[in-house]
Every structure is written in C-alpha cells, then in structure tokens.
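Heads up, there are several structures right after this.
Below, subunit A partners subunit B and then partners subunit C, in two separate complexes.
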Partner chain A sequence: MEPVTKGKADGPQWGPRDAMTLLNHNLRRVDGPEKVSGRARYTHDIRLPGMVYARLLLCPLPTAQVELDCSAASKLRGVFAARGLGGKTSMKTGFLGQPIAVVAAETPELAEDAVRAIQATYKALPWSVTPEQALSTEGGKVKDNGNLGKPATEGDEDKFKKAFDSSAAKVEGEFHIPIQHHCSLETHGVVVDFNGGETATVYASTQGTFTVSGDAADALGLKASQVTTIVDYMGGGFGSKFGLGVEGLTACELARELKRPVHLMMTREDEFLAAGNRSGSIVKLKVGADSEGRLIALDGDVMKLGGIGGGAFNKPQYAYSLSDSKPPSQDEESGKPARPSKDGLHTSIRSLYMHTDSSRAMRAPGHPQTSFPIESVIDDLAYQLKIDPVTMRKKNLANEVHPKQLDRVAERIGWAKHPNKTAPQEQPDADGTKTGIGFAVTIWGSHGGAGCECKVAIGRDGSLQSIVGSQDLGTGTRTYVAAIAAEEFGLPLSACTAKIGNSNYGNANPSGGSSTVPSLAPAVKSAAYKAAQAFLEHLAGVVKRPIEELEFRGGSLVDAKVLPDAKEEKERKAGKGPKALMTWKEACATLGAAGISGEGRWDQSLTHADGVHGAQGAKVKVDLATGRVQVLQMVGVQDCGLPLNRTAVESQLNGGMIQALSYALHEERVIDPALGLMLNANFNDYKLAGCQEMPEFVPLIDEDDIGRGPIGMAEPAVTPGHSAIANAICNACGVRLHSMPFTADKILDGLAALAAKGGTK
Partner chain B sequence: MSLGDRTHVSRRSFLKGAGGVAAASTALGAAQAFASSPQVERMSGSTEIELSINGEKRKVKVEPRTSLLNALRNHCEPPLTGAKLVCNQGSCGACTVFVDKKPVYACMLLAMDCIGKPIATVEGLAVDGKLSAVQEAFVARDALMCGFCTPGFVMSVTACLGKNPKATREEIQKFCSGNLCRCGTYPRVFEAALEAGKQMQGGK
Partner chain C sequence: MKAFELIRPTTLDQVLELLPKKENRDRVRVVSGGQDLYTEMKEHLAEPDQLIDLKRLPDLDRIEVDAAGTVTIGALVTIAALAEDLRIQSKLTVVSEAAASVASTQIRNVGTVGGNLNQRPRCWYYRHEGAKCLKKGGTECFSKEGLNKYNAILGGGPSYIVHPSDLAPALICAGAEVVLVKKGSSRSVLLEKYYTLPSEGDVTRETVLEPDEILTHVKIPAPPAGWRSTYIKFKERGSFDFALASVAAGISVDKEVIRFARLVLGGVATIPWRVPQAEEKLVGKKNDPASRKEAAELALRRAEPLSDNEYKVALTKNLIERALAQLGA
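Take a look at the complex of A and B:
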C-alpha cells in the first residue's frame, strides 16, 4: 500500500498521520460524563406530561387462532386503551411471541394489570419450532410450499467428488450453530410526543435516526416533515434496531387515538421473542487438501435457521480460496494459494423456516456462523497433515493482509514456544487441565455510501459545532464528529460540540454493516474543510492578506509560510500556541451574528471500499475432570484504515472478542418443541458472559494499514473469536466440538469418546 | 448483594401473595377472572410514601407492589432515570443503587420496604457537578460504550472500592459479577476501577 492518505489535492485531505493532533490518538468520549452520571437520557428515560405507558401482549404459542376480548381490560381505572393490534379481535398468528394486543395506562403497573386482564383464547395450530420439527412430516407448515427454501447452489458436485477423492487429507463434519440474541440492554421501543396537534416528536431507540419519521408520520396522520425523530442516546442495537417496528407503529397509532404522549418499550421477555436474533445454522462440510496443505475440494451444505425469516450465511469457504488439484510446481512460492480455482467447490445454501420470529441483521450477519465450520475443518486438516495451523491458513487465505496479521497474533499469544501445535497436549498439568491455542480470521466489506450531510458552524462567541443527524450506538460516533471538526482548526476536542441524533439536522445513513464511519467521516471532514475555507476567506479580508498565506494552526490564524520551528512546536505542546496573526477568539469575534459555516457531503475520495481484515487468537484451559473451559487470553489484530479514535477502535475490538467468547461458551435460544415455549427468554436463563469470565484481552490496530482513509471495523471484530476458542479447545484436549455453545457436558462427552477410541485422557 | 438485615418482603414473595395485601392478584387466570367480574374497575391502589433519596426527602405515590426501581424512574417527580430497567429480575445489575449504604438491585426491592432508609443513586455521586473518582476513571479509561449498563457498574465499583480501595482485579471482577454489559466494556471497567482505587488511596 502507498503511504499516502487519500483526499483531493484541491479539497479536503486527511493529511499525514504524524501531523494529526486528535485523530489517530486516544480520545476521551465527549459523552462520557453524561453516561457515568446518569444524566444521559435514553428513550427509556423520557418522561412527558400526560404520558401513558403502553405494553404489548404477545401470543404464547408458535402459531394459533386467537380470539381477543379486551372489554374487561378497557374498564380498569387508569387504563386508556386495550385492544387487538390493528383493531382486530380475531387473528391467526405465525410465530412464537407475535404481538397481538396493546394496552395503555397511567402507570407501568396498571399497564401490566391491563395486559393480564385481556381475555384471549388460543387455538393451537400445528407448529415447527425446531429444525427437527420443521423437517418432519408432522411439523406445521411455515410456508405454503414447504419449510425448506430453494437452495442457492454453486459449483459442480462431480468435480468436487473427483477433487475430494484425490485429496491427501479429508475431513467431514456437521456443525450446529444455535440462534443467538442481540441482548441490547435497552429494549426496542419509542416514546411518541403527540398531543393531537400539527407536529410530533418520536424518541426512538434506533440505529437509524432517519428510518423512523416517515412511517411514524403515516401512523400519526401527519406529513414526514411534521415529525422529528430524536436519538440522543441509545442502549445498544447490534443490528436489530432499524425502522419504526411493530412496537413503534403501535405506539404512534395509540398516540393518535389518545392525543397523548405514549411510552412503549418492550419488556425483556418481549425482546427475546419478538425483536430479532442472529440466525442459527446446520452446516455439513466435506473438505479435502493436498499433501502441501492446499484446499482443493469443498462441499458445503448449509441450512439457515432464521425463523420466519431467511437467515444469513456467507460463502462456506469464507476468507479462504481453493487451489486447483494439480500438484504445485517446484518454483511455486508457498504461502499463497497455488492456483486459485473453484473447480473443487460445490455449495448449497438454503433456509429452513420455523414458527419463530424473523432473524435480523446482527453484527457481521452470517459471518460468525460461516467462520466456525471452516476454521474448525482447517485445523483438523492441518493436524492430519502435521502442518502448523497458522502455516496452513497462510497457504489458503485469499488475500495478502491476513498472513501478516496472523503472524502478529501468533507472536503476541506465544505460538512459537507453544509445544503442541498439531496435536493435543499429551499429559495434563498438575491441576488436571490442558492448555491450547487456536486461530481464526475475519473479513468485512465495510464501505460507505452517499447520504450524509454534515454542517460545521463557527460562532462569533468562539463556538464550534459539528452538526449531523446521525446516531451513536455506543461506538463513539459523537466523539469523532466533534474530533474531525476540531482537528481541522487545530483546536482541542473540548472546543467542538457535536450535535447528533436529531432528524432535523443533516441526513445520516443508518448504522449498519460498519458503514457509519466510511459514510459519515468523509461528510464531516468535507464540512469542516469548507467551514475552514469560508472562515479563511473572511479573515483574509480582515487581515488584508491573500488566503493562500493563511492557515489555522493550534486554533489560531497563522502565516502559512512561517513553518513551525522546534521551539514553536514545544510552545504549542505546552499550550502556549504559535505566534498568531489572530487567536481563535479574536478571529471569531470578527464574524457577524450568524457566524460562518460549511456543509459537507460524502466524498468517495476520503474513504476506501476495499474492505477490512482481522485475525484473532485464543488461549484456553480445559479442566479434564469438569469439562470447564476457561479462556485465558484473546488477541485480536484488526485493520480499519485511519483510526479516528484509537481508544474507541480498541474498545470495539474488545467488545467483538467478548461477544464472541459469550457466543462460544454460553449463548443459545432454547425452545421446547412439545410446548412451543422459549425456555430462556430472560437474563437468568439466557447466559451472557460476565465479569468473572473475562480473560486478558489484547486489542491491536494493524499498523501496516497506513494508506487508507477511515473504514468501519466493528462488525468483523465479532466474527472469529468463537472459532479460535473452538480450535484452542481441540488443541488443548483433542475434542473437536461441532456444536455451539461449548458447554462442559459436550467437552466431557468428547473426552469420553476419545478415551473409548484409546486416545489420551 | 445484601438486601439488608431487616425481615424483608421480597417482590417475588409479595407477588405470590405472601405479602398479605389483597390488592394485586397476579396469576394470569385469577387476574382475568377478577377483572372480568362486572364490578371490578380497579385491581390495585396507590398511596403516598416518603423516601430519602440522595439526602432529600421525596414524596412518591406508589402501590404496594411498586419496585424501588419503578418508584425512582416512574413515580418520582422529577424522575431519577439513572438506574436502568433492563432485566427486571435481579440478573444484570443495571438498576444498582445503594440502600442503607449497601448496593442492591432496585428492581428486586419494594419501594415501601425502603421507607426510612437512605437511598443513593448514581445521580448523587457527583458533588457540585464534579465527577467522583470512579466516574472520572470510567471516562478516562473508556469504560463505557452504549452506556446503558454504566450507571449500574459505576455504583458497583463505587461500593467495591468503598469496602476496599486496594481491591485487586480479581476482587473487582468478583464483586461486580452481578453486573452485565453487552457491548463488552468489562476489561476497561476493571482498569477504571483499579485506577479509581489508586486515586482514592491518595493518587499513588
């Protein structure tokens, strides 16, 4: 990669990294003080005069004919409304937990009473809530033309068979990946501020400030321009929170009927049943490699389990590419796919539908599900061929970034000194445990798109504001919206106020697919550049110098020709500032009452669309007596172009590894097929990794990625961790797990099976 | 987390009817039958109580079944929404407040059980707008992302260091194991707690 940072020669440029004062540094979040003091107001926290609390009733069966009688509930004192959704009293439901009725009452307690007082009768219809039911002839039909969707296929089965037969090492496996939940701590919901007038405000816990007003306006009988959406703070989304949703639509309808503000936040149980999930999968893989460790044959048969939705899955070979099956010639450099070829590839991906709520996007949709089977198989092949799993990966990775990243992870985790690279630890340690290390990689195509419109405004009072409607999911958007603008003038971060989360501000893209940074950062940069240019032009007139001779340095207006010398640099770092033509305050004081501003839109030249890469490693300890897996360390390397805030990038990388650890060891939606009930729709029974399971995390930004503008990286951080843990478990004790989560019972079963085969124990 | 020494009516046992107050009938069938009888238009009643919150006496209108969390968030005027409603079952710690100087899950306590006891919430930690050492360290160490679990973690860490400012990472992990975070701030929370502990010992 060229060591240049993109931008237009005669327009905004990110400039060299070593000249940056805020970007590429460790920044404190600008909203930290609000969040630690309880002052940050989330949608859940909005309280308005005359506001009523609404609550949904969900269907307790997977599919049923429902008859509703809400008359008793409506009569309760303090209850303002109790009715079926859409005003219906009779309906057929299609998934477990489908919302069927809503109530609104003076207090949350009264709303709870009202929900309980709804008399509903349910006539159960034949259902399918597990893959077994959905595939059996007795299971209820989710779709008219059967529960199994049409497969998307690639490749030729006969060619695969030929390549597989000729393989030196072969592995076959069936992998089961459960449905995972987003578990955003703030549930889905809205507060609608409407009193029957001409305007309304919708406070929404959403990943898309601009995905709400249109539908809300329809439901309220208003025009979109009459509805303001506010997303000041939001408590996590992870892909599940786009659009108004049935809960938001219902709240708007109630507000219109009652001419009162309505607060409708889903309960935790509602959230588990009716607010989306990461689809599960059943994956059958057959993979063959030649004696050099090059993948030459892969057959992947995938069923996606996304409830009534389609589910998500990537290419079964994921970040790896197959080589052709001819033996490599002498002069071929190892460490790269010999000759990329899809000859031995045959894949089939389809959906299996069930009577559960639709899967939604969840942090890197499809990628974690895809990662686990292929990364497991690669290790199995490496063990068969006695090839170091890191080397094995390098031979097959489709791009040139991953090999270097793998080396960095291997170095940091202590791979060189690790004694057992292609076989489990022979003898347990004195405490009855064995230790292993595993690796996996991640890819993501994060690229930005047009849509963002930012305004950077300078006031006569010395204020600097960076204004755009975007939401901050907790990734740190608010902080870089301020930092990019402050950096343009050489001002400290505290000098700029970011105003975000409001649909009356400039448009912003919804935050999905790690696209916020590459869509938003260029727009902020452009706006800051234009504001600076406009301000310089104004000041040129004031100081009667050509604009070419002026620039901002350390917040002050300086002579651009006078390069900062070492002394000045020292003074600037000591906070004294360079010799200035005008200080920031003086310069701003020359402005009119309206101040001066610049508006910027997305600019392709300020970001890159060629994707991001990462590699992760995990070190685990397996207790042979109890089957307990303890993760000791996780190391992640991630590229992201220009890091806008290094601290925030590292926090995202930590967060990805932690969610992957939780996915690996604990998370699973459990539904009783006979009763059609979800058994763990709460935080007691749906286990999330907590404080005591946290190992050491080593989040590393890929320092080789120096030539690119800022690119999103939050999604890929979640993809490889659980696969690395699976490989580490196998490396420790020899148990290859094919089913997530990796609970103690599965480890013990695996150890028993190994012992029965005469393996080590 | 301790619920205090006094004989205690938990929200759960109360809901099962053990509290002996006939106001709330909660079994689904019973509620339906109760509500559908023609005379019934009220299933519960509320009364005004006085709570001592962050050193101030506050009049709060609650029902016998109202949790301390709901009292703070929905029945106080102005409301105290720093403590968050997340799991409503004592699993996640996002609603952690102090009652009688001990950290408790506000979702698991009845408001009425807190009459006469000092209640402290996250809103009361900063003095004259100056963040506490724990809050300051959370900001400095990026121990927050979406921020929804943060008030609960700040309270738990404050309680942990109040007992022992020299707490090790392992002791902090154990003490805070009743708090959940989904974004993955845990390692930064531990760093912040260690940093705050140092500050509290005199900035060594």
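Take a look at the complex of A and C:
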C-alpha cells in the first residue's frame, strides 16, 4: 500500500502510518546540502550595495546614570552615525548590558572603533546582580516596591506539616540552578534593506517571520504591507528570538535616517548580556513519602531569577501527583497514586529581581529548572525507603504513559542488571571510578493553533511547490513542508520544493512552545489535499471519467478500481506503469499556464492537544580522583504523535539530551557581584559541552503513541536529562549535588564531605 | 581590534633590529601563531602599533637531535608538529603528551612552541577589559577576594593568576632551557628560571624576557638512563579547555628504586610549579602507593587555597599519585 488520494474523499486525514512513503520515515533534510556547502545564506551573510554595519554600545554597569558624548565617534572617517538610542544623551540604565548607543560605519571594524570612541561617563547606582545582593538591604532596588515579587501560593501550610510529620521518609533540600544562555550559533540581528523608497525588506534571524514587519514598518515610516521579512535560513533561537527587538528597531531607525541598508548583528558578548537567558532558580523543597513510596507531602518555596524579568518555573511537584496520607489501600499495586490528593501540597513561587537582562522563553520554559529539584528528591526518598527509583516514580505518576516509558528506558540502559539501585557503588572499579544510573521524566503540551495558511501549487512543468511563510529554526520545518505535499501525490521528496521564510507567502505562526508542527503541518496537509482534489477534478474532465474513479498513486493518475499488483507497482514507481492513465508529467501538461493549487488552513482535526510524555535515563562514570563526570549513555523515550520525519524527531531528542548534558556539566552565567561584570560572556569561559563530552545517545520514539497527529518535539526533549545525570552521579558515588552545574570541584567537595562522615570509600 | 602595522621580516637580524626598547614594549609585539596574542588584541588587552610576524624566518620551525641526544626545538615549531614528532614521543613522552593536550586541533596546528611558552595568564578578571586589575596595571587583584575557582593555590600574591601553559611544566620536567637572543648577544636560561612570581619584580609580566629579546629555541638535554615520563592534564571540559590542574612527572628507576625524579605542576600556580621537596622524597624509594602519597602531600604542603579553589589541593594530589602510578615500578 502507499498513499492514495482519492477523488472526493471526505477531507484531509493523515491515514494509516504503515501506508506512508515519506512521513513516518527517515528523511534527509532537503536543505542539508545548502547548509553543509555554505550556500545557505543566513541573515548574518547578507551583503547589499551601500550597506553599513551598525553596532550597539552596551552599558558596562548593572545600573548607572549615563551621559553620552558621541561627537568624536561621529567624526571618524567612514562613520555614518553615532548616537544614543532614541537620540538620548543622558539616561538611567536598569540592567547590565543595556544597549545605550549605536553607531553605523562602512565596515564592522570601523563600527567597533566608533563604538569605542563614544565618550560615555557612567555614574554607578547601587546594584543587585546576585540573589544575595537582591535580598540584602544594601542591594540596589530593581523595582520600587522591592526586589522580591509577590508569591503565587497554593495549598495549606498546616496541612502540609501534618502530612510531612506523618511521612515515613523525609527529604529537605535547597537547590541552586544557575542562569543558562540560549547560545544560538547565529546571534540576534537584522539586515534592513531600505533606501528611502516605498518598500523595504528586513532579513531577520527570528523565530517569527510574521512578528517583524509591523514594528519595522512603524520604525521605517511605512505600512506593514510595504515591508517584507525574509527568514531564509536562521541559526537557532531556542525561544529567544521573537519580534523586532531593540537591535532590529535600531537598525530600522538607522536605515530610515541614512537611506542605506543597515546590517546589525549582535556580537557574542552582546548576545550573552542582552539577548535573554533561561532564568535561574533557588528552590527549597521539603518532601515526604509514605512507607510504600507515595508522595504525601510537598512544600516548595521557589525564587525565580529572571533579572529584570519574572523568570519561569513549573509546579514544584512537576509531573508527579501527591496521594492522600491515609494508609495505603489495595490500589497501591496498580502502580498509580492511590488516592490523588493535594492536601499535603504547599507551594510558593515568586520572582527575585536583579539588574540583569530579562530572562526570555527558552526551550521548555521553567521545566528543566523544575525537574532537577523534584527528581533529585524522589531518588533520595527512594534510597531512604530502599525502593527502586523507577518503581518509586511509577507510583507517583498519574498517567499510563510514563510508567511504560520508564520501563523501556530502564530496559535499554541495563537497569535490571545494575547492582546498586538504592545506594551508591560500594567499591570503585580498578580505574578509580564508580558508575551510576539515573532517571527523570518530562511533560509538555502538544497543542497547535490557528493562523497558518499554506498553498500547494502544481505547475504545468510538473513542479510541485509547498508555500508558506514559516521560518525553519534549524529543526527541519522546510523538509516536512515539502514532504507532506509530496506524500499527498505519492511523489518522492525531491519532487516538491518548499518555499518558506518570507512574509509575502501565507501566514505562519511564530515557532515557540513546540507548536510549529501541530500548527503548520495541518495547514500544509489541508493545502495538499485541496490541491489534489482540484487537480483530480480537472483531470476528470480531461480523461472524461467520474472523479470518484480517479486517484494519484506514485505520482501517476490511475483508475481507482484497479488495485495494483507488485509488478505494476514497481513499474509505476519507475514512471511507466501500464495501468497509469497518465504519468505525473502528462497530467501536469494538461494544465493551463497558471497551473492549479490548493490553499489550506489549520485544521484542528489533524492535531491532538492532550500533551506528551517522555522519560530519560543517564549512565555516568565518576572519577573519584578528579571529580570528572563522564556521561556514558543517555536514553530518551518520547511520545510524539505522528513522526513527520523520524530522523528529525530523533535529532530533537538527541539535541535535547545534548543541551541538557551541557546544562548539567558546564553551563552557568557568572557575574562578579562587586564589579558588576559578567566574567564569562564568551565561548571560552561560558563552557558548552563539546565532542569529548558526548555519550552514546539512544533516542527512542514511543511507538505506542498511535492515532495522534504530528506533535512538536523541541521542548520535552530538553527537560529531564540533567536531572537524570544528577541522579546517576549520586547513584555512582553518593554525592547528592544541590547546585548546578555538576563540575569537578563540587564532586570533589562532596566526596570529601562524605569521607569526613565516613560515608564511602 | 586596534589597527596596527604588520611587519614581516625574513631574517632574525631584521627582527632584532625591530625589537623595542623597554618604554615601547607594549607598542611592538612579535607574533607567530597568534593564538593568544590575537585574542588579547580582539579583547583590547593588547593594543600594539606594530606586529612583527615571525613566520617568514627560516630554520626556527625545526626539531633537531644531536649526537649527544640534546633536542633543540625552534620557537616556530607548531604544537601539532611537536606532538607528532616520533623522536619526542619515544624519548620525551611528557613533552609530546603535553603538546597533544593543548587546546584543540585547530589551535595546535597554528600555535607555536614559542607562543605557548610566552602566552599571557588565565584569570577571568585579567581577561576582562572592564576589570582594571593588578595584572593590567590596576591596584587590586580581584581574584583574591572574588570568584577564584580557577585561580592559583601556589605562588600567589599579590596576583593569583594561573600560568596556563601545558608545554612549560613538561619542558621543565625534562630539564629544558630556553635561548634568548638580542642584538649582539644571546643567553640561555633554564626554563624553570624563566618564569617570575608576581611577588618578584614587575607584576604585569610573567617572564625574564627583556623587551629587546626574543626566545628562539628550547633545548632539552638527553634524559637520564631509565627515564620515564608522563603529563596528565585535568580539564573541566574534555573538549578544548585549560587545565584545572596538571602534572608533569618523570622518574628514572633502577632495580625498582627511584634514582631521579622531576615533578612540575601546571594550572595551579602563578608560574609552572616545580616541587623539589617532593622530588627528593621520591629518590631512593620504590614507586609504591605510600611514596606516591607522601610525595603528593609534600608537593601541596605549601598550598594556600582561596575561597573557591580548595578542591584543587585534593585534585592535584590525586593527579600526582596517578601520574607516578602510570610510570610504573
């Protein structure tokens, strides 16, 4: 069987997975050759006649009264503009790295010289760049009414205390989670092509092709319809790139002023200081479990560290449910919480503001921060109760999916044969290392939303185009935009061209929250379906047969009543099937010059909004002499609805695990409190995991998830990996780390503390 | 990066003519691979008016071994070439292992021996243009009271930078000396005497190299009989990082007794840090766990950790024991 588009079907449907020839298969990226050969043009690469290079000056202090004198910078040869943002020469800044001035010059080097030639005087104001400063009375005030935001609370403290007191096992811990950076390889920025005429083009490194033109038009003095935004290729966003941004707005203002194209891409240092981040957190947890391992009491006190922004955090219990604290009943064997109850739950979440740039959305906002404390505590409780941590998790997950996924991860990572499940390895191996395994789970939504408008067009020349303005963040959007349309006609992937990344094409939603696939794929499917129906209707007239008797198979028009046998199938695949009424090329040749097309919008029936689940496991080796954590293997199981491209789904799983591993072992923004300087705003000192850190990755698609439409896979993959690593470290050597990243110094300090207590050898 | 004039001499004499007087030492700089200097220029830590490119000088990119077994390494030999040299691998394991541990393949292919030995220190305050620290002519070493996880536990005060070179401890372990040439004269200095403590003289410098001098060669004497050596570098990030701590260890063993020992630490001190007391303690002993532990304890006896780098003491001791254990009985 292969996909069949019959005449007058009831409407678009994804159809059975085993009938698919492209979707649910491993597809190579259609833009792979462009990218690896360097032909793909990113915003950074755009060069236009007469273009000037703009550069921002950032405030080097967390908060200051700034006076600017740009006269010397303006007079430099080759410099076209040097001025304070908004034309101001005096301003009070509110965060470290706040953009305060901009220059435009003939070359990037001259632009740097010009930025440095700006004479700025800074009068430092009292600042808070660390939680300690923000909480102290001497620290600078970020908000007039104090640095601590109003808490969002849930539950009753007295009831929690009662449940906690009655718990068979209790754990308390304070967890410190640093600020992580997006580290997109392409920094934020735009190139504005405007010479003072009636139209403009904005090349933007953005997650939302359609989030740019409106604001750009305002800044350029044009109507939104006169501004085209192009996002042909973009080098990653992870949640940080929506809208025009101060950099885009400034570039537009300069272009309008200078009547020249303006190239403004932030530097790597700018990116670290002023382009957002994943908020940090300080989390105090008190959690109690009954003797059977069911969570019955949880007190969570959370401070979100999002700079001048609010930060992000999920529910402290995350994916887990509390049970009531009455004695266990016979239900306990079912693996579910006995009687879900929030009686023992008491949580408080608030923001602690500091003079640093606002956190932004970052891949699963709030989830990785939430995951680390609760997953650590669950293992600690399991160890106390001598309950297998996998079993412990299964007892507290209120759904049917996670337990099966945990079993699959456990099986793949070799948990059954692992000797030390609820205690660290007793004696080190001959090489002075200990090995451990840890687990964690993830949840995310699967929702799409209305807005996407796709057009699938068939040309007289045999061309098939799938056209929608959507951006591709590097996740594989372009490939499935082509694949869904090609599949509709049974054509190979190479037969369809995806035209994306342009605001003159049909509208597309911004890419955030893993919503691109469930928002966009249904629109592409609908468009392909409608194009196929229109084409069949046209061909019915040509071959003088009722449309009900016609369908496309393997790209050819065939008689729907004649079922293909194997030989015919093979021949038809080669384009010469005897039963074909017309080959694809012959059919297309009957079209008029305008070809034929179908337009599709989001169709809720092609998506499912009931959420996704995943489980991950990590196996690590800890070198007791050096504190080095070597991750040996990471296994991730994820449900994802219909995988549009299995390779892309696996890539997302791998990418999520890689990002989580890097978060676990290395990543942390470091700011000196006394000087107010970020000390590691570069890729040497802000350490990202490299190839030497990479373990074996095992990305597994949850094959039990059948019957659902396609679901985005960006966020869920990144949430649990670092928590699994934390648990694996403790399982290996007994060191329970409460502070990320899990660097050698912390492991060594932890081992020393254990040795002082006579804990491990 | 500030604009500069690039000068490309073709003879050593031309270079010596161009080398600056003391008052111009920051205005005229020599460059070979540029893997540290260009970074400093991009960060505006160095802003020379003139760069003297050494790459066109003849003969300085060779490794030669004479009849007596003395190895002479030209300053322009790349770190990759040093790592791959079979003669070095067979006789001076510590040097080839150290070379192979430097940075990344790309940097090893471009960076040179002379540049590695003369690279500027690591300390994120020193490397941040905005921190006017002691090392950059300011009045305060911010790492002393600040965030000092990566800073020195030995040889500190008034500055607590870490000397980052991997080659220096290894070459000191091998007993190397460096040849310093200026117009009309040259001198040889033991590499271990080449580096200066922050408390000795000019705190903004790390070596005895005069502004009008250039390091042209490294000479390593033939190792003693029965010499075995190794270099262990511990990096926080396995891919491309500086050492949190490293150990260059060499011993000569005869009839299971250590007759000669050299131990030099990297990544933990303001200069490559030789530990003679530990070396002496090893001589006459078997290379067994007890003597290794004793040597490691002695080596770190004078360590003075700062607020965030106590871990380096245990780490370095463990690395010393591991390095010696690798050398075998």
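Everything that follows uses one rule, which is that the second predicted complex is superposed on the first by the 738 of 761 C-alpha atoms of A that agree within 3 Å, B and C clash if a C-alpha of one lies under 4 Å from a C-alpha of the other, contacts with A are read in each partner's own complex, and residues count from 1 in each chain.
The working rule: a residue touches a chain if its C-beta (ideal position, glycine included) is under 8 Å from a C-beta of that chain, and two chains touch if they have at least 3 such contacts.
All values derive from a computational prediction rather than experimental measurement.
Once the two complexes are laid over each other on the shared chain, residue contacts for A:224 go to neither subunit B nor subunit C.
Residue contacts after overlaying the shared chain place A:655 against subunit B, while subunit C stays out of touching range. Between subunit B and subunit C, more residues of subunit A are touched by B. Contacts of A:691 after superposition on the shared chain: both subunit B and subunit C are touched.
By the document's definition of touching, neither partner reaches A:560: not subunit B, not subunit C.
In the superposed model, A:534 lies in contact with neither subunit B nor subunit C.
Shared-chain residue A:109: touches subunit B and subunit C both. Applying the stated contact rule after C-alpha superposition, one finds that A:627 touches subunit C and leaves subunit B untouched.
Of the two partner chains, subunit B is the only one touched by A:75; subunit C is not. Note: residues 109, 113, 116, 690-692 of subunit A belong to the subunit B contact set and to the subunit C contact set alike, using the contact criterion stated above. Residues of subunit A touching subunit B in their complex: 28-29, 31-42, 44-45, 47, 53, 72-73, 75-78, 107-110, 113, 116-119, 182-186, 233-236, 238, 267-268, 473-476, 647-648, 650-651, 654-659, 682-684, 688, 690-692, 694, 696-697. Interface of subunit A with subunit C (complex): residues 60, 109, 112-113, 116, 432, 625-628, 665-666, 670, 672, 674-675, 677, 679-680, 685, 687, 689-693, 743-745, 748-749, 752. Against subunit A, the residues of subunit C that register as touching in their complex are 1-3, 44, 124-125, 127-128, 130-131, 142, 145-147, 149, 234, 236-241, 244, 308-312, 314-315, 318-319, 321-322.
Listing the residues of subunit B that touch subunit A in their complex gives 24, 26, 28, 31-32, 34-36, 40-44, 46, 63, 65-66, 70, 73-75, 78-89, 91-92, 94, 121-123, 125-126, 131, 135, 138-140, 142, 144-151, 154, 172-174, 176-177, 179-190.
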